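Letters A, B, C and D mark the chains in the order given here, with residues in each chain numbered from 1 onward.
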Amino acid sequence: MAAKAKKTSSLGFVLKPMKRTGATVYKSLIAGRPNTILYPYQKLDLPPTYRGKHTLDFKRCIGCSNCVQICPNDCMWMEKLEDPELGKIERPGVDLGRCLFCGLCVEVCPTVALHETGEFELADPDRAKLKFGPKELRDDTYADKIVEERQKRSVPVLDLDKCTGCEKCAGECPEMCIAMEQIEGVGKKKPEINLPKCTACGKCVVVCPEKALTMKDMYESYFDMPEPKFILKNCTGCQACAKACPADAIYMMDMPGTEKVLKDGKKGKPKKRAVFVLEKCVGCGKCFRACKFQAIEMPGVRK
Amino acid sequence: MAEMWINMGPQHPMTHGLWNLRIKVDGETIVDAEPVVGYLHRGIEKLAEARTYTQVIPITDRLCYGASLAWSHLYCTAAEDLMGVEVPERAEYLRVAALEMQRIASHLMWLAAYAADLGAMIGFIYSMRDREVFIDLLQALTGSRITYNYPRIGGVAHDAPPDFARDSLRACDYMEKKLKEYEDLYEGSKVFMLRNEGVGILSKEDAMNLGITGPSLRGSGVKCDVRKDMPYSVYPEMDFEAASHPDGDCYSRYRVRMDEMYQSCKIIRQAVTKMPAGKWRVVAPRNGPVGTGIGRVEDPRGEGMMYIVGDGTDRPYRLKIRSPIFVSVSAAPKLLVGYKVADVVAIMGGLDMCIGETDR
Amino acid sequence: MNLYTFCYGLIHWLVDLVNNLWFWLGGHLPGALGGFFTWAGDLAKSDLNISFFAILLEVLIMVIIALINVLNFIWIDRKWMGRMFDFYGPYYVGYRIGGWLQNLADGIKLFVKEIIVPKKADRLGFLLGPVIFVASSVAALSTIQFSPQFGVLTSGVDTGVPAGVLIAFAFFAIAPFSILVTGWSSNNKFTLIGGLRSAAQMMSYEIPMLLVVASVFLLSGSFSFVGVVGAQHSVWFFIPLFIGFLVFLTCIVAEVEIQPFDLAEAEAELVEGWTTELPGFRFGLFMMTSYMRGYIGGALVVTLFLGGWQGPSLIPAELWFLIKAYLVFLVIEWMRWSNMRVRIDQLLNIGWKRLMPLAVINLLIAVALKTMGWF
Amino acid sequence: MVDGGRGEQRREGIERPPSLISESPEERVIKALLEAFPTAVTDFKKLRQGVLRARIERRDLFKACMMLRDQQGFEHLSMISAVEYDTRFEVVYHITSYQNRLLVELITTTPKEDPSVDSISSIWGGANWQEREAYDLMGVKFNNHPKLERILLPSDYLYHPLRKDFKG
């Protein structure tokens, strides 16, 4: 290092570079072939991580719109469709003319329904043809074919409709990671699972008499997703959030003791409230946007 | 002939981007120079204020086409400094390996442009051919060829592919063989030495005072390297030297970059062999705290710095980017005056211009 | 039988064919009209007329052969450059013949482009400059002789044109003038600098080149192609005049303006040099002509130093000449693609301080050889 | 206080005054700044190894920078960033010393009605364009700057786009 420059003699004026180029000619003309490939006819192998055009698995996608929200360029949108198999659904579409191919949408997808394939020859003279709606992106077999890199873990998932609040799961858990929590206004308890401590032993699932807990493979999220905060006094029980939730994490439960007394003296229906099962929450903020009464707060999420 | 102003740029083969160098020539001798930048101003600092911390990463990739990984890594270090996130060790090793590959790829691209500037198309083609080796490696690692979007706040996006270590070691061997070839091709040629020795001389004091950083500063005999001075990531555990050369002319800047490629090969070898197993990513908080964070790395072009101000929301309040070339190009009059028109390409090419980061 | 006698015979036959009609008309038409036709027939039959058209035909044949050669040269250059750069070169256009048709495709593409004259350009100079460039190069081309029998000759004797080499150099040296005119009239600073560089380059390289040529003339004692090549019967001149050979090769590279010395069109600092403003086919013509000049340069090197058309008589002399010219061209291209461009002051330094003394030394060697009576 | 062996790793070329090796460079800078400007310098903090932060009144900025360069060996100005807050602008100077491996973050505040600080482009030539950029994008004026013009945006542009009140 820091050596003085090699003294180049005048004889090496052109001969040394010519020696090197001559060696290349020998390599590419006589001993072998040139380094390039004849592109439209030969193609390079792309690594499996390559980020090209998107595909969407309709069966895995739950329509949470996380991909739309994380897109730095706003090039994705949710489209409402009717599918003969899946009914009324919402699925994302991509405008590849504006796409950065950053892959954040694939990373954030909670069910790994969205993938990026190795297809890169996307040029088209018509800009409108670069807009790929959900139907053009659909490929229900692609996600099963590739090796998944995302870490999966089995976690017990609660179906609150079946749960009676019997506390058996909390008693069985060897890691003591299930705590029973009183649901305010309902008078029932629900198990709250401390996911970081859970070892997926499955004992709580076995012990549950109502089969409300099931073991399910969930993908670990790489992102710190916002969690909804519920404000009971604003809730009117309108069910908008439960309908909007793509992950079925919101249940509506009756609140006994809030029945209005009707004119004929009978009691009417009790007021309902939303109950969140946060283990299932994907942090999409749809409930927050659906709620018209400021009963759900999500800091940092824009309406 | 009377003195006249010549606009070299915005569309000119010398500019490697979109900027304008106005030079005043007396015959073929330059008597005055004035760089004009701003043609590629995209307002990345303002864009970042409207995006969440994660969404900024692919935007910072667009700062420089030659070394996009270095810039997204810089952003991530600054954001980690702001949030206080600890990065897993495997992620740091992966980052260092990827960064050094990026450095080689960037220097090769510089070499390609420099050779083409001096008239040797052969250097352009050979450098681009060998850059492909590292681009392929980075493609397998990150999934993309130019804008990698690989570092994340709190780690990296993917784990290494299965044969990554083997391929990297092979690529390093290949590269060191090829670097010898380049030395014959350039230093072995008298014409190259004629064009480089004693051209664009910049003294040590001037270089430091004008804010020139990176290989151009080390080419003036100052042995400073952010990787050594304020070590980040796992650079303290790597055994390498900060290349420097005392002459301060174009040849010495060239020599520094060539030596840096050797050093980078050395670092890649160490990084892929020492790489521990484990997690490569931790979950970073969504909302940054109130406060400031600063990242300072050795970009392939010089000292890259970012200054983030957080206000507690999920978006940065202010992101300031220090571009090494923005400062270096302001020293153009000092470098150019007194030399010939043909030396403009050697001197400005020797600074490794990248307009994406200059104009932001 | 050489090219001149062949052309002369052909033209003579054609003239006779036409003259039958003329004389028939002259015999049958009355009065002054008939006399006119007879006079015209006599004029056409005259030796002056036939030899004039014979030489024109010769030039045509030579230029056509040269143009085919130039297409070959471009193709070879591209393939050779491609392999040197580790890629295939032209491949798909004319797939069966190795991409040979790519040049034609490029030519057609340039031909259909619009011809744009910059508004503030000097119109006459701008339009005429490239024409002079092309015309002088073609004129130089037509002086090249492939063998004593094959070339633009003026008599049936195989001694060639007297002072043919001198004429070739005279035509060859016109080009920088046209470059200067084009560069100035384009009204662009880059073209102006390119033109001035070209003028400076010509001034400094023409002198050593002609000194070396003088040494060759001294040894061979002749100005004509046949004389120069014939003098190399026993030993090719590049052996006794090795210094001169190197100087001449360097000067030819500089005159042709290819890579180490292509300062007039240095694309890095001067965009495209003096051709910056040239539109469409004018640029295409310039590209073609620069290869043509490379071909002339190679032919001159072969003639002066490498024994011309001499070689084992397994293959015809004309082919020997072409093979040698192609080889010289390949070496020049090899040098071109492995090297960088020098700066203008260094170019002049090399020209005046290195090549000039070497050329003088070479001339002294030639004088010494001549006085020793070895040649 | 000997600073772990870094005294031995002196750079070639740049001489460090030998009498000062015994002190840790951070402490030395703090001491010198406080001695020279006892009232102007506030809020000292060592952020991490080799990084210092100080706030300084804008009236003494130029003198402090001069002192840092001439006496403390800060040869290089890394970055000038202007940050807008509700009532003030902060101009942040990151100044580097190659010989001592130090980075000082010098923060100076200027009110919103009169956003101006002294130009330090006569101290560090590298500050010239960075100050122009800060003026261009944030509207902070630098007194005694040789050529305070817009640099990234066209010269007839009306706004300072990095200010928070600039919308699209």
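The rule is simple: a residue touches a chain if its C-beta (ideal position, glycine included) is under 8 Å from a C-beta of that chain, and two chains touch if they have at least 3 such contacts.
Please read these numbers as outputs of a predicted model, since none were measured by experiment.
Undergrad: With subunit B excluded from consideration and all other chains held fixed, what connected components does the contact network retain?
TA: Result with subunit B masked: A, C | D.
Undergrad: Give the chain pair, either B-C or B-D, that is connected by more C-beta contacts.
TA: Between the two chain pairs, B-D has more contacting C-beta pairs.
Undergrad: Take the average of all CA coordinates in subunit C, do the same for subunit D, and state the distance between these two points in whole angstrom.
TA: Centre-to-centre distance between subunit C and subunit D: 66 Å.
Undergrad: Counting only Cα atoms for the centres, state how far subunit A is from subunit D in Å.
TA: 44
Undergrad: With centres defined as the mean C-alpha position, give me the subunit B-subunit D separation in Å.
TA: 24
Undergrad: Between subunit B and subunit C, what distance separates the C-alpha centroids? Give it in angstrom.
TA: The mean C-alpha positions of subunit B and subunit C differ by 48 Å.
Undergrad: Of all the residues in subunit C, which ones touch at least 2 other chains?
TA: 84-87, 260, 337-339, in rising order.
Undergrad: Mark out which residues of subunit A touch at least two other chains, giving numbers and ranges.
TA: 14, 17, 20-21, 24, 35
Undergrad: Could you check subunit D for residues that touch two or more other chains and list them?
TA: Not one residue of subunit D touches more than one other chain, so the list is empty.
Undergrad: What kind of graph do the touching chains make: line, ring, star, complete, other?
TA: It is other, because the touches fit no line, ring, star or complete pattern.
Undergrad: Every touching chain pair, please?
TA: Pairs satisfying the touch definition: A-B, A-C, B-C, B-D.
Undergrad: What does subunit B use to touch subunit A in their complex?
TA: These residues of subunit B touch subunit A: 51-52, 54-59, 61, 120, 122, 126, 129, 139-144, 147, 149, 152, 157-159, 161, 181, 184-191, 193, 197, 241, 243-247, 251, 255, 259, 281, 283-287, 313-314.
Undergrad: Which residues, counting only subunit A, touch subunit C once they are in their complex?
TA: The contact residues of subunit A facing subunit C are 14, 17-18, 20-22, 24-25, 27-29, 34-36, 38.
Undergrad: Taking the touch rule as given, give the residues of subunit C at its contact with subunit A in the complex, in rising order.
TA: Within the complex, subunit C touches subunit A at residues 80, 82-88, 91, 260, 334-335, 337-339.
Undergrad: Which positions of subunit C touch subunit B when the two form their complex?
TA: Per the stated touch rule, the residues are 84-87, 189-190, 193, 259-260, 262-263, 266-271, 337-346.
Undergrad: Help me check something: in the complex, which residues belonging to subunit B touch subunit D?
TA: Interface residues on the subunit B side: 37-38, 41, 43, 45-46, 204-206, 208-213, 221-224, 229-230, 246, 294, 296, 303, 305, 307, 309, 317-318, 320, 322, 326-327, 329-331, 334, 359-360.
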